[in-house]
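Which chain is which? They are A, B, C, D, E and F, in the order written, and residues in each are numbered from 1.
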């Protein structure tokens, strides 16, 4: 789903930049002689990678920020410098967001609230009609001005900047998303169906990490913290 | 303007394929394990090239059709086989349109009505929820089911296929379009201002070819034919 | 050797498609205006990757199937969408094989019989003169109609489809293969020579995994299963 | 046809390098750690370009020679240095042919005998088992040791080097060739059918240049020279 | 020679940016997490193209300015957006030069003085330690602060910016330059030697355009204007 | 720092090849019709990768040598054959160094002396005016003729070959290097500052591996060996 969301975020962002959506009236890819739009992607994980590749494919000038240098190196190797990378810090975020035509928030922490990397003040310093698409919106968003919207009414203005805050983006392309979800979950589903959930989780730590609640008790630390509940981790050994 | 229109056509087309627009719910770029959308571009001129590059950049699988083999060779050389080319004939058009997720009409003849390459029957054989964006709409369109729409209400359904028929597409990105138009016309404007229109047209056949009406008489053959008016060509020599 | 075999498989397949070999008479790369051949590669491991890259380099339109999503993502990142990926299932295999000009079988399990992913029925539905090259042939093949052939008489027809079944493909390019084999095995050979086989296997699990038979007993589970022999795994600790 | 021939020449050449064909046993693309084969393409026209691209796509290290600097610059721009270019002179030809694994002769002059750029002596200095594919064979060949062969028996040895001399290469892939030929000739055929040959040739110098014999007289200078016949050029004006 | 000069200009510019040369201490290509240097190339002709490609190859972020839109489109098609293009005007030049790490002057007019596109004031607004390499230096330079220097003492500071002003750049790589010059001039030399200069110039307008002085009279308009001499054009017909 | 050094090494090497530096007068990238320089990179680690990419970006023909086949495969996948790979052995090193225009030494072992892969004899067989840049110079160099030099006097001749031996290369671009160093070390610095060095090293083996001397005793095996001191490894457990 992160792959679908990352790619859709750019399509949505390109639309936000159109005049009819309240945007600056900038074509992301520019044309020969007219500079392309500047796209800033916060976070180089799966969402960020897919957003960056799509924005670059549309012809935008893309910069990805992350604190993980290994990840930035991977971008450099894989895209041969076509996608720029920038070490993320409050200073670099503030200075590059100010010049962005399109800002993609792609910072997600598994099960936890996304950190607020871009403050309302930073958004207010963006150019009027610039656009923000925060993929982390259903985890609170990494842009302070982001709030959830729906496919029916996806866009709103805040601080003069067009925001797209649809929480369930992949719902826009259900055909692609259904296949993607099926492909990603089928192996787990087969194992759960074959062995039962407890045996399957004992055998596969990846499955076990997906447990949120077991027999009424929260077992995932991030979920527990987010809800303010105590956490009683599920143990493969104890369950055996 | 053709460059802006060609690139925007793909952004509009991607939007048409979304479920909320009535489309098939297909993400043009697909994701790993799920095939990308098939994009068919009719015409390999400026509009077609820009549409093809943008669609390919989004991750779509693109085929360009044209009757000009030299142009198809140029595509092959320049895009290293990434964009497929197909010699255009009634047979190839019919068979590939049937399988397209997104059809871009990019056949424009200077000053003349666009030929109808895709009939209503062919559109009816496309998959439900497929999309058509006909950039030639203000010259009558090269797809039979195309009719002009506006930025306010851009999309309609015909034969189960989502159509986008905005006539003045570049108006969606006025900032980029204004610069593009300025860059393209400035040299001519300077020459017209320096020499007066008649001297400028005498000196530069490219300018002269742009004359439509001179002192009340239609001077451009294609315009004359389209309007059913007699044509009295303007001659640089006679004007001297 | 897998690298050599994967690359040669495409050269052999291109040849099978020639009329003189009984094939459809299709040039894998097409030419501008004429579509390229469709190449389907079953399995995205070393053989599959090398086959896919070579087929794409020749200008073919390539799809790789695998059940490992991480692997498909690697293809997408590395080849920037030039090589399509498809999640492998009986349904997707059947439907894409039917449209293939060239099918490359590249599914190998270490020491075990290859699974039969493509049935005789599926082959029968391929177009007359299409081609099959099954690199897994010496492990039984992953295409039901595959049988081993020799460099002297490499090609046969089955169900109207040209099959290439040479078991020892790399033998065709001994100069390249010898260097490749030397490079891959030299580090192991040095360690075996320096320490003796038992000490070397104790020190390096990768070497130990290569043991098939030790003092008359089959020690590799997959080999044992294939031969119907009992398996007595060799243990580094017991050997110490 | 030149496009088909250029691409096929590389497939044929790769085959010639295999041990079973008498070749050096070199895989054109090499594998990681083992160098690729060196491919030398004489002539950067349509045949040469298609051969060079295909050889490079297979992973070979390709150098194209031509005396037309503009053409070499086009290669450099289009392939971004991936295909090397070398100004052709007797000295550069001799020195690079000596190191080639595969030599592609792609020097064709319209209607005239190809010049002999590579002498028997140069071929004799090539490595044993290297390969020569001379696409100009039906115009006499640009390699002295080339002679015409057939699809049934395509290969022979000369000076220790494997030669492929099939005159009608595109016949190997009739399906692709037929479409290619159709696409290239259809526009001319339509004009000939509509207007009759004389009117069509008067109207289109490109068609007229294709005339070889008119009412029993040779009208094409190169054909006349090759046959030792007098030439009586056809004139559009005289014919009118 | 323009090709050599354009490529060398970037190597020289990268050196100027080093601290030991007085530069900003910026690595043109950056590293992952640290932005690359910004390179501005004035002029998209042969020198500019070669400079742009080399700077982009080193990892710099490159923008090419020109007034010829067709040329900018060629850049866009050929480099797939990797090299940005900007329509040149006094306004765009001033605003982009200000942000450049490296400015390459590549505006040359055949035989005439280069226009001064970058004023001393613009240079003064560049960042301290930025660099200027003006390939047009021996035609007066297109940057006001440029003056000729030598390979022995190539660099000087002006307005806090490092300038490289070697007039005969290709002299730094005589081996490459000699071959390049030989390749470019050989065809002309052969024709001059075969036919004598007058007959050769009569037969080939390209050669004739190279005439500067004939029997004591200046025949090239631009040279005449630059020297303030009268111009008596050489006519092929009169000479016959 | 390795990234900066690897990229700078090529810029320095390109300069060494210029005539004014005593080099062969070869432009690394060549020009159309004149072959590029041959660059040999010993070692495919971080330094080697960055050197190889930069040299290839400049247009050089690059070969990387390493004994790690996985690494060579990574190069092949990532650069699509543009950068050649060669399995490193005394034989392959000797034969390829002989033909190199520019040799980059990029073999570094953490904390240990670099192995001497290229002997004085091999250097003597290089072409007069070829260049050597040994990034491993401050660990003794992997080329026998290398000795440390300074930014003030960076170049010397040995065996007719231009050597660049600056030990602290990144010092040439302090602006880029400072950011790079900051980005790479900040996470460690934060952890050291928050927890104190002992707790931080106990918690993070990567940090602990960086310890050279603890309370007067050498704790790093390679450092101990290089200095001929006894080694008393620091243990996270003992320190607790």
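Here is the rule we go by: a contact is a pair of C-beta atoms (placed from the backbone, for glycine too) under 8 Å apart; a residue touches a chain by one contact, two chains touch by 3 or more.
This one's a predicted model, so the numbers in the text were calculated from it and none came from an experiment.
Participant: Could you see whether D-F or C-F has the larger number of C-beta contact pairs?
Facilitator: The comparison resolves to D-F.
Participant: Quick one: chain A and chain D, Cα centre-to-centre, how many Å?
Facilitator: It comes to 52 Å between the two C-alpha centres.
Participant: For chain C and chain D, what's the span in angstrom between their mean Cα positions?
Facilitator: Each chain reduced to its C-alpha mean, chain C and chain D end up 34 Å apart.
Participant: Quick check on chain B: which residues sit in contact with 2+ other chains?
Facilitator: 29-34, 53, 59, 69, 78, 87, 179, 183
Participant: Considering every pair of chains, which are in touch?
Facilitator: The complete list of chain pairs in contact reads A-B, A-C, A-E, A-F, B-C, B-D, B-E, C-D, C-F, D-E, D-F, E-F.
Participant: Would you mind writing out the residues of chain D in touch with chain B in their complex?
Facilitator: 49, 53, 78, 179, 182-184, 187
Participant: If we count contacts the way the header does, which residues on chain C are in touch with chain A in the complex?
Facilitator: Checking each residue of chain C against chain A gives 67, 69, 77-78, 80, 87.
Participant: Quick check on the complex: what are the chain C residues that touch chain B?
Facilitator: It comes out as residues 29-36, 59, 61, 63, 69, 72-73, 75-76, 81-82, 84-87.
Participant: Note which residues of chain D are touching chain C in the complex, please.
Facilitator: Chain D reaches chain C through residues 3-4, 7-8, 11, 14-15, 17-20, 24-34, 50, 53-54, 56-59, 151-152, 171-177, 179-180, 183.
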